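Working notes, beginning with the structure itself.
A, B, C, D, E and F are the chain letters, set down in written order, and residue numbers restart from 1 in every chain.
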Amino acid sequence: MIYVSRHEHFNAAHKLYNSSWTKEKNEEVFGPCANENWHGHNFDLIVTVKGEPNQDTGFVVDLKKLSTLIRKEVIEVFDHKNLNLDVEVMRGKMASTENMAIEIWKILQSTLPNITSTARLHCVKLYETPRNFVEYFG
Amino acid sequence: MIYVSRHEHFNAAHKLYNSSWTKEKNEEVFGPCANENWHGHNFDLIVTVKGEPNQDTGFVVDLKKLSTLIRKEVIEVFDHKNLNLDVEVMRGKMASTENMAIEIWKILQSTLPNITSTARLHCVKLYETPRNFVEYFG
Amino acid sequence: MIYVSRHEHFNAAHKLYNSSWTKEKNEEVFGPCANENWHGHNFDLIVTVKGEPNQDTGFVVDLKKLSTLIRKEVIEVFDHKNLNLDVEVMRGKMASTENMAIEIWKILQSTLPNITSTARLHCVKLYETPRNFVEYFG
Amino acid sequence: MIYVSRHEHFNAAHKLYNSSWTKEKNEEVFGPCANENWHGHNFDLIVTVKGEPNQDTGFVVDLKKLSTLIRKEVIEVFDHKNLNLDVEVMRGKMASTENMAIEIWKILQSTLPNITSTARLHCVKLYETPRNFVEYFG
Amino acid sequence: MIYVSRHEHFNAAHKLYNSSWTKEKNEEVFGPCANENWHGHNFDLIVTVKGEPNQDTGFVVDLKKLSTLIRKEVIEVFDHKNLNLDVEVMRGKMASTENMAIEIWKILQSTLPNITSTARLHCVKLYETPRNFVEYFG
Amino acid sequence: MIYVSRHEHFNAAHKLYNSSWTKEKNEEVFGPCANENWHGHNFDLIVTVKGEPNQDTGFVVDLKKLSTLIRKEVIEVFDHKNLNLDVEVMRGKMASTENMAIEIWKILQSTLPNITSTARLHCVKLYETPRNFVEYFG
């Protein structure tokens, strides 16, 4: 078994704001992340799949195809968007990196079979800043 | 003459939108950056000052003081903010990295004398993404 | 289960020197790292905790709280210190990155419950240089 | 158990070309990577071993010895080479990062006992570019 | 005057080989870089242009247009190529990073006016490895 | 004129302590950097030379020779040393990054002619941490 990873990136705006709470409670819990006028990040996304290398190509998965898949199914959806307003899969959920990673996993889990019949999704790693990141293994 | 630099960072939302243009022209010129619901970035800021090292300290400028100055005068103003709505110095200007660098220069030019009587501001370098950055020398 | 990580850093001096050995044996085994006058490093520390995201916040753990905990309990203890002379938890142990990671794990294992009742410590990753690092999972 | 890692690097040329296929099929599958005149990369290699720290040294493994081993057994073999023409262990295999990682694992698996009787090989991580990398755990 | 930079990358094979010298002299001067079967690198290219920000856009130059220009005029020419065999502008020249930077400058100097009438080329910075790089200012 | 740069690194211990001051004044001015038991850093050093590329080699300077020179004349002197106690050229000077850059410049200015008769020293850039660095141009 070999683990193969591809690094992509996107930029987005969001705020951390629980609409069932008062403004004061949101500011107490989320601090400046609750700014009602939004803030934003450069997100770095690393997607890892696992499998056996194909004898003919030497590839677990064609990384150009994996890159194209991630760009079409994930980057198109999240890039230059407002995570609270523009992204269907985030609707009704807190716009945290944790929840983003879970939704990105779901998207890739259902679309990875479009480019490979043998490799399986292993990990979605998402950096919100160079110092804060999450990993989800399904 | 020695050049001394300090690296800080902040996160912010913005959009590139010229309000004297139609929505169509904005989308044509700025593409996804014109998204009316905003997007955002992790900005990396490198401030360079120049001067002679002080004989007693070996410092051109105390980098802890420079860091504190940048955080108080620049980061406080830009961090977790909407560059179009929340930042006074950007009002009426396009929220481009170029214009941000010029405004950051003005702030530091007028406040640097608070921490040093000998060192002078040399450069404001601002990364919008790891692949796009600007430099301003006044 | 989601894994959430926070990156912090500190600077310290140390030497690799086994006081039950001769100076010659120390130099033979540890080379320049045995320099009796010390050398030092910028250490990069990545702390990973794991848990389920909270429904109200979207967080496994509040990363600002995790950062504050690491700074108070670990960085305060190790930063700008001599690992052989100044750091209580390293006393009587070789000042290797391996032993530092174990001691940092112990500190965080006992103090993480102060900021979360659901997330658990998963990994302490410690870079001594960009090319040398260790990981400890308890 | 502690995991200890060392980062090395090398440069090499290769092409992705399956000689049992037509030129057209190679270009269709591998795109510009099939260029018959070769292309190349700066490879980054991270080798991880695991074990208990030695009481006398504080080390799982002496990282200078591990670095020397990797340089002698791996870097000497791959650095400034053509992976398709010059590297014996790659002969008859597709010059993919996956296959390189497997061969590097085999080399280190058989030579690591030369420098340690207690630590065991855990992972070979190989970056072909900063955005594409593979991991192999044996 | 503001300086605006865009970072792109490409991969290529080359060798350092002066055909008017003997094989022995090439190996003496260029060491492993003279390997007749080629080696290769991931090149990082940073292009800097300078000018005044446009009042309507806030831009010195549209960085999407600059990126497109670099990709079309430079990356297309150098990426996944053999610098000694496949790249017309390098013919008859040593395939050193210095000479590459000069040729990239010439290409951009003559094509930059296609995307801007006000900004001027300032610097071509080319990394052959993360530790070796050159800068050319025309 | 082309500018060619080589990146090297070393580790060292130091303290910022002016022996003509009281301990209290040192702690007031230098904070934790005045710790009498030392602290330390991974220093990153980038040396830039300038000149015309040689027609026969394509090189401004042979970067392997420049690397060897820096390692022999600078790294040997500073690496795994105590900057206050072990480094002759720093004696009697504050162990600041500014003063280190000046001394490294002097060393390279006098020894660069050993490897090149045409290239001249342009810049010594020294990172004390990834966020603090200085540049000296002579």
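Everything that follows uses one rule, which is that a contact is a pair of C-beta atoms (placed from the backbone, for glycine too) under 8 Å apart; a residue touches a chain by one contact, two chains touch by 3 or more.
Note that this is a predicted model, so its numbers are computed, not measured.
Chains that touch both subunit B and subunit F: E. Of all chains, the one whose mean C-alpha position sits at the greatest distance from that of subunit F is A. Should one ask which of C-F and A-C has more C-beta pairs in contact, the pair is C-F. Averaged C-alpha coordinates put the centre of subunit D at 33 Å from the centre of subunit F. Centre-to-centre separation of subunit B and subunit E, using mean CA positions: 29 Å.
Subunit B and subunit D have CA centres that are 42 Å apart. Of all residues in subunit D, those that touch two or more other chains are 130. Applying the touch definition to all chain combinations yields A-B, A-C, A-D, B-E, B-F, C-D, C-F, D-E, E-F. Of all the residues in subunit C, the ones that touch subunit D in their complex are 16, 18, 20-21, 29-31, 93-99, 101-102, 130-137. Interface residues of subunit C, counted against subunit A in their complex, comprise 1-8, 48, 53, 56-60, 62-64.
Residue ranges on subunit A touching subunit B, taken from their complex, read 9, 11-14, 32-33, 35, 37-42, 79-82, 85-86, 129-130.
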